[in-house]
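Reviewing the structure listed below.
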Amino acid sequence: MFLDSDLLMSALRALTPILLAALGGAICERAGVFNIGLEGMMLLGCFTAVATSWFTGSPWLGVLSAALAAAAYSLVLAVGAVTLKGDAVVLGIAMNLLAVGLTSFLLRTVFGVQGTFSDPALNGLPLIGGLSPLAYLSWVAVGVAALLLSRHVWGLRLRGVGESPDAAATLGVSPAKYQYGAVLSSGVLCGLAGAQLALGNVTLFTENMTAGRGWIAVVAVLLGRALPVGVLLAALLFGLAEAVGFRLQGVGLPQQATDAAPYVVTLGALFLSTARRRRRTPSSSGAVS
Amino acid sequence: NAAAKKDTGTAASGSSGKSFTLVTPDAVGQNEFLKLAVTGVEAAAKEHDGTQHVYQSTDAASQQQNVQAAVDAKPDVIVLVGFEFADVVAQQARRNPGQRFLLVDACTAKPFTNVSCAVFREHEGVFLAGAEAGLLSRSGKVGAVDVLDTPQFRRYSDPFAAGAKKVAPGTTTGTRFVGGQSPFDDSARAKEQAGTLLSQGYDQVMAAAAAGNYGVFEAAKAKGAFAYGVDVNQCPSSPGTVVDNVIKRTDVAVQKGIDAVLGGKAGTTVSYGLKEGGISLTGLDAGVDSSQCVIARHKDVLTKVKALRDQIVSGGLAVDDPAAR
Amino acid sequence: MTPPRAEAPVAVELRGITKRFPGTLANDSVDLTVSQGEIHALMGENGAGKSTLMSVLYGMLRPDAGTIRVDGRDVVFASPSDAMAAGLGMVHQSFKLFDSLTVTENVVYAAEPRRFGLVDRAAARRRVRELAEEHGLAVEPDARVGELPVGLRQRVEILKLLHRGARTLILDEPTAVLTPAEADALFAVLTSLAAQGRSVILVTHKLREVLEGSDRVTVLRDGRVVSRLVTAETSAGEIASAMTGRAVELDRVHAAGTPGEPVLEVSGLSAAGVHDVDVTVRAGEIVGIAGVAGNGQSELIEALAGLRAVTGGRVSVRGRDVTHASAAERRAHGLAYVPEDRHAVGTAPAASVAENLAMGHHRTSLSRRGLLAPGAVRTHARTLVERFGVKAASVAAPASSLSGGNLQKLLIGRELAHDAPLLLVEQPTRGVDIGAVQHIHDQLIAYRDAGHAVLLVSAELSEIRGLADRVLVMYEGRVVGAYGKDAADEGTLGLAMAGASGDAGAGSGEGAGSGAGANESAGI
Amino acid sequence: MTITRISGALRSPVTASVLAGLLVGALFLLGTGADPLTAYDAVLTGALGTDGIGATLTTGTSVLGMALALAVPLRAGLINLGGDGQLVLGGITAAATALYSPLPAPLTVVLALLAGMAAGAGYAVLAALCENRFGVPLLVSSLLLSYPAVSLASYLARYPLKEPGSSLPQTRAFPDGVALPAFGDSTVTVGLVLVVLAAAAYWFTDRWTAFGYEIRMTGLNSRFSVYAGVERAGLTLKLMSVSGALAGLVGAVGVLSFPYRFVDGSLTAPGYTWTGLTAALLAGAAPVGTLIASFFFAVLQVGGLAMERTTEVPRELTQVLQAIVIVFLAARLRFPRTLLKKKGAV
C-alpha cells in the first residue's frame, strides 16, 4: 500500500530543493566555510523566481534570476566570514533572519500583498515525467560536484583550502578566492533550490515558505559528510521518511509522530553508519602493522 | 509612553477621540481572517470618526508585550483576535477595570464586565461545505488538510466529514495535518499532504492550511479534483478547482463588537454562526454567480445545502463542535 | 665540502631588510647574498630573526625597508606565489600539509598534471615516484599524509618543492625531525641539487650539519647580521660564539647516573603501533629510546601516558598497576610528560603563557579545593619563566607569540615543575638553539640526579648518547636492541635503527640507513 | 588597566559594527520614508523606558538563560544545537510536575523547576552520549534530537495533559499559587534572579576554578587538555548536562510564569535558542560578554516591536534592521586600523 510510484514521486519532490541546497552547503563545508544560511538564500531564491516569472512570463528567467540573486546574497557570508573573518554561524543565522524580513518587505512593496502571492497566471516550471527539470538538474549536479571535488584541479585545491588555508596560501592558492567561489556556488545552488520550491513544487510565494528546508539541508550536509553522493543519500533518506510519514498519518499515527519521523530515521541511520565505520576502522588499522 | 501617543494615528484625522487598537496573534499576512479583522477595525474607526492601530505579534512573548502596550496606551476599545489571548485578557481585564476589551474567536474562562467576546461556530459552515462535498464527490471519498492537529483546526475537518456523511452516508473521510517546522507557511508540504489524499482517490478536499491553502488548490487542480477554501472567497485564486468557501466574517464581528461596546453593552458574549450571518458559504451569499466558484454551476446542490442550513438555523440540526470536547 | 664559488652568479640578494613587529625589531637592516649552486646556512639563536627574514624573502611578510633581488632583477613579492614564480621554494618549519589528502595530492597541489582540467592522477603518482626515487625520498604516494609519521611528512614537503622545480630552496630547520642518517640523506639530496646549479638557504641550529653541508654561513643575532663566514675556514666554536655573543663550551659530557629502585616497569606492552615492549626505568636514570621517526616511539610514549589504548601487557609506575588508568590518574600517580608536538599537543597557543604554565598544576599545587585564583596562576608563571629562562613579553602574552625555542622551554619547565618521579620526554630540543639545548640538557640531568626516572625519546643520536644511561632502539614498533651508555656508539645504534637487529648489532642491514653513523663527528 | 580597557572597547569591532549597523539601518529607514531618529528613539524608549523595561527584562531572562545554556559547552568548543528540544522538555516536565505534584504550592514550584532542569539535562546528556558512545558529532546529534523532543512535548500538551474544551493545544492551568513570584505587577519573575545567579556562577567557575580553566583550555586546544589529563568524554557529559539543565530551567521558568501553563509552541516560537546561540557566539562564550550580548539582543527585540507599534516602520523592516546589526557584529567590522595591519602580515 505504501510503496507505490506516488510515494517515490512524493519523496523525489521533497528531496529536490533540499538536495540542491545541501550540495551548496557541502561545497562550502569542503572549502572550510560552515554555511548555515542555506535557508535564507533559498528563500530569497523563491521570491526572485516568482517575481521574475511573474513580470517576464518566463519561469526559466525566474530560475536564472533566482540563482543570480541568491548568489549575490551569499556575498554577505563571503565578505563577512572570509574577508572579515567573522563567525560564519552567526552570519548564517542573521542571513536567515534578514531573508525573511527582506522577502516579506519586497512582497509587500512589489506585489502589494501580505502573506502569499499566488495567481493562476503565474507560470511555473513544466513537468517532465512528473518532475520539474530542476529535479533532473539536481541529480546531474550531484555527479558534477562529485567529479569536480574528487578529480578536478579546482576540487583538489578547494579541499586543500578547506583543510588548511595556511598551507594552500604558501603554495600560491588563495584561500579567499576558493572560499568565495564555494560560497557563491552555494548561493547559485540555493537559488535553484528556491526556484524549484516556488516554481516547481508549488507555483506561488509565501512568506517563510522554505519552512526549515534549509536546516534540513544543513543536517544533510553533516550527515552526508559533505560528500555529494553522501548528501544525496541523506536527502533521499529524508525525502522518503517524510513521504512515508505523510502516509502514516493516513493510518492514524498522530501528526507529532510523523513530524518527528524523518529526524528519528536520520539519527538511526547515523548510528548505523558510524557503528559500521567504527567496526571497520580498528580491524583495518590493526592489519596495517 | 508619550512617544507612542504623539506620532501615531494611522487613519482618519477626525477627532471624536475614539481610538481602537487591534492586537493580532500572528503576522496579519498569515491568515485571511486576520486581514478581515484589520478591515473591521478600520471600518469601525471610520464609522466612529476615530483612529485605529494594529499591533502584530509573532509569538507568545510579543503577544503579551503588545497587549501590555495597548493597555498602556488606553484606547477606547482593545480588540484581540485569537484564542491565544484568553489568558492575557483575563489578567489585564482584572488589573484594568476601566479598559474595555473585545475578544474575538475566544472568551475568557470567567466573565468580566469589561470584556466582550465574539465567537464563531465555524463548524456549522464547514458542515455545509462537507455536505456539498458529499453530494459532489464521485469517488465517495472526501478529506481535509488542516494546519495542525489542534481542536481549533479540527473544526475544519471533523464537521466536514460529518456533513458529507449526512448527505452520503457511505462516504469515506480522512484528514491530513501539514505539520513540520513551519506549518502555517508551508504550501509545498500542504500540497504533498493533499496529494496523499488525492492519490488515494479522494476528490473533495477541505483546505484549512492557512497559507498552505494555495498548495492544496494546486494539488487538487493537478488531479482534476476539488477543494474548499476558508475565511474569504478563495475561488479566484484557482477558478474551476475551488468549489466553495466557509466564510468567517471577522470584520463584521469586530465592527459590531466595537459598536456594542461603545453602545454600553460591555461584558457580553456574542456567538456568530449561520443564523447570525457571521458564518456562511460563498455559495449561499448574494454574489455567488460572480464568485468564480464551482458551486455556482451546481444549483441543485445549493438547494439541498440551503435546506440543511435552514435546519441548523432553526435548531433542528445540531452540528457537533470538535473544540468543545 | 665544496669551496665557495665566489665567481658564481648571484641567485638571491637581500639588501637592508628591516622588519618590525610591535615591540620587536625582528630584522634590522639585514644583507644576505646567496650564489647559484651554493648551500648557504643561516644561523642564530631562537628569536634571532631567521624565520622572519625567510618569510620576507618568500613573500609572506612585507619588509618595512629593504630590497630583494632575484637573478639580478629587483622583485617585490606580494605573496608566496610571486616568490614561487621567481623560482623560490620554501619548506616551512611547521609543516604546511593537508592531512586528509594523499601524498601525491599534497605534492602536486597547485601544480597538478592535468587532463581535460581533471587532475591526471596516474601522471601525478608517476611523478611522485620518480622524484622520490631520484632523490632517495621514498614515500608511499597513496598514503594519507595525516597518517604519516613526522619524518615522512618532511619528505613530502621536500618533494613538493622538487616537483615545482624551485631554483632556490629555502629550508627552515629541515632536519629538526630527522635522524642523523636521514639528515645525511637529505644533505646528499641538497648537495646534488646544488651541483645542478640550484641554491639552498638552510636555517638550522645544528653545527654539525652546517660544518659538513654548507658553503657559507651567515649568523644573525637580535635581528642583525653579526657574522659572515666561509664554512671551510671556520669552526663550530666560532659560529657558536658568534650566535650567542659569548664563548660556548661544546661537547659537554655528563656524568652517569646512579640508578635506584625501578619507577617504570613495562612488560609485553602492546598497543596500536607498539608490539610486546619491555622497558624498565629506575630512579636516577635516563633511558633513551632511539629510532627512525615512525617506528613506534611516539605510540609507546602515548600508551605510557594514557593517551592510547593498551591492547596487551602491563605497565606499572612505582609498583602500582596503571595499565588501564586514565591520563589524569597516571599524572596523579607521579608521571609528567613532554610531548613531541608542542604546538598541537603540548600547549594551547592562543592561551596566555601563564595559562599554559598552569596546566597540570591547576588541580594540585595551584588550586585550593577546586578554586584557582588568577593571581596564583600569574605568580606561578612568573616563577617558572624566571627559573627556566623563557623569553616572553609578559606572562599575559599568548603562547603563540613565543619563538619555538622559548615555547619548548616553557613546556619543559612546566613538566619538570611537577617534580614527578617519572618523566616522559619526547624530542626535548627540536628546533632549539645551542644555548637553549645546553640549558635543557642541564635541566634534565639535574632532574635525574635529584632521583627521578626519565624516559627520553629523541631522533638526535648525539642527544641520546649524551644524556642516556641506557639506550633502547625501536624498529617497527618493537624494541630491537638495548645498550649500555658505553656500548651505544653511533654506528651500532644506526644499524639497529635501520632494522639490522640484534643486541650485538649484527645482521644483514639494508634499506633506510644509508651510511648511518659512518662519518662520526663531534656533533652537538 | 581600566583606561586601556575603555579605549579598547571604543576601538573594538563591537562599537564599530553597532555604529555601522545603525548607519545602514538609517539609510534603509530613510529609503522607506521613515525618520531614523524617531525610529531609534522608539527602540530605546520602547525597550528601556518605564513601559518597556519589564518586557526587556522578561525577554532578557529567556535570552540570557539560553545564551548561558549554549555558552557553557561552547566555552569548551562544543556546539549544542539542541536548545529547543531541551527547553521544551524542561517546560513540559515542569508543567506536568506543576499539575500533578501533591506538595503545597511553593514546594511544587521548586520541584517543577528542578524537574524541568533534570529533564533538560537528561535529554542533553543523550546527545553527549551519542557523541561519546556512537561517534555521532554533538552538533548533529543535538540538533536531530531536538525535533522529536518538540514533537513529544506537543503531543503531551495536545493529548494527555490537554485542557479540555480549549481551542489551543495547551495544558490545564496550574493550581493557584503554583507560579514563580513576580516583581509587582510586572511580567518579571524570580526567574530573572535565577538566570542571573546562573550567569554569576558561570562567571565564577570560568574565572576562579580549576574546572573553568579546564573548560577554557579544552576550547582553545582540546588535544592539549586531553594530553594534560582532562577526560574529554566526561567533560562533554558534564557540560552538556549543565547546558541542558539551563535550557530546561528556561523552559520551566517559562511555564511557571504567566499564563501558568504549557502552551504548545510558545516556548520555541520566539527563537530564544537562536538568539541565545548568537549572543554566546558573538561573545566567544565569555561570561560577561554573553550577559551583555544577551541584554543587547533583548533590547533589540523588545525595542524593535515597540518601534513597529509607535512609528510607521513596517514590521518587516524591524526584522531587517535586527539582522543587519547582527551581520555587522558577526563580521567584526573594524575601523581602518585593519587596513594598516593588513599591509604588515599576509
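When the chains are written out, they are named A, B, C and D in that same order, and each has its own residue count from 1.
Basically, contacts are C-beta pairs under 8 Å (C-beta built on N, C-alpha and C of every residue); 3 or more make two chains touch, one makes a residue touch a chain.
The structure presented is a predicted model; accordingly, all values stated were derived computationally and were not measured.
A.B. asks: Taking a step as a move to a touching chain, how many steps at least join chain B to chain D?
C.D. replies: Step count on the best path from chain B to chain D: 1.
A.B. asks: Just curious, how far off is chain D from chain C if you go by their C-alpha centres, in Å?
C.D. replies: 46
A.B. asks: At what distance in angstrom does the C-alpha mean of chain C lie from that of chain A?
C.D. replies: Chain centroid spacing, chain A to chain C, equals 45 Å.
A.B. asks: What is the distance, in whole Å, between the centres of chain A and chain B, each centre taken as the mean of its C-alpha atoms?
C.D. replies: Centres of chain A and chain B (C-alpha means) sit 35 Å apart.
A.B. asks: Any idea how many Å lie between the Cα centroids of chain B and chain C?
C.D. replies: 76
A.B. asks: Hunt down the residues of chain B that sit against at least two other chains at once, touch-wise.
C.D. replies: 27, 148-149
A.B. asks: I need the residues of chain A touching at least two other chains; which ones are they?
C.D. replies: Chain A, residues with two or more chain partners: 104, 169, 254, 256, 259.
A.B. asks: Taking each residue of chain C in turn, which ones touch at least two of the other chains?
C.D. replies: Those would be 60, 79.
A.B. asks: Pick one for the touching-chains graph, please: line, ring, star, complete, other.
C.D. replies: Topology of touching chains reads as other, fitting no named class.
A.B. asks: Can you identify all of the chain pairs that touch?
C.D. replies: The complete list of chain pairs in contact reads A-B, A-C, A-D, B-D, C-D.
A.B. asks: Hey, which residues of chain C end up touching chain D in the complex?
C.D. replies: 59-62, 78-79, 305-307, 326-332, 337, 339, 344-351, 355, 358-360, 362-363, 366-367, 370-374
A.B. asks: Please output the residues of chain C touching chain A within their complex, sorted ascending.
C.D. replies: 58, 60, 79-81, 84-85, 90, 92, 95-101, 105, 109-112, 114, 117-119, 121, 160, 272-273, 275, 476-477
A.B. asks: Considering only the defined contacts, which chain A positions touch chain B in the complex?
C.D. replies: Of all residues in chain A, those touching chain B are 4, 6, 10, 13-14, 17, 104, 107, 113-116, 118-120, 197, 201-204, 206-209, 211-212, 215, 242-243, 246-247, 249-250, 254-256, 258-259.
A.B. asks: In the complex formed with chain A, which residues of chain B make contact?
C.D. replies: On the chain B side, the touching residues are 27-31, 35, 148-149, 174, 176-177, 179-183, 185-189, 191-193, 195-196, 199-200, 211-212, 214-215, 218, 237-239.
A.B. asks: Which residues of chain A touch chain C in their complex?
C.D. replies: Where chain A meets chain C, its residues are 147, 151-153, 156-157, 159-160, 163-164, 166-174, 285-286, 289.
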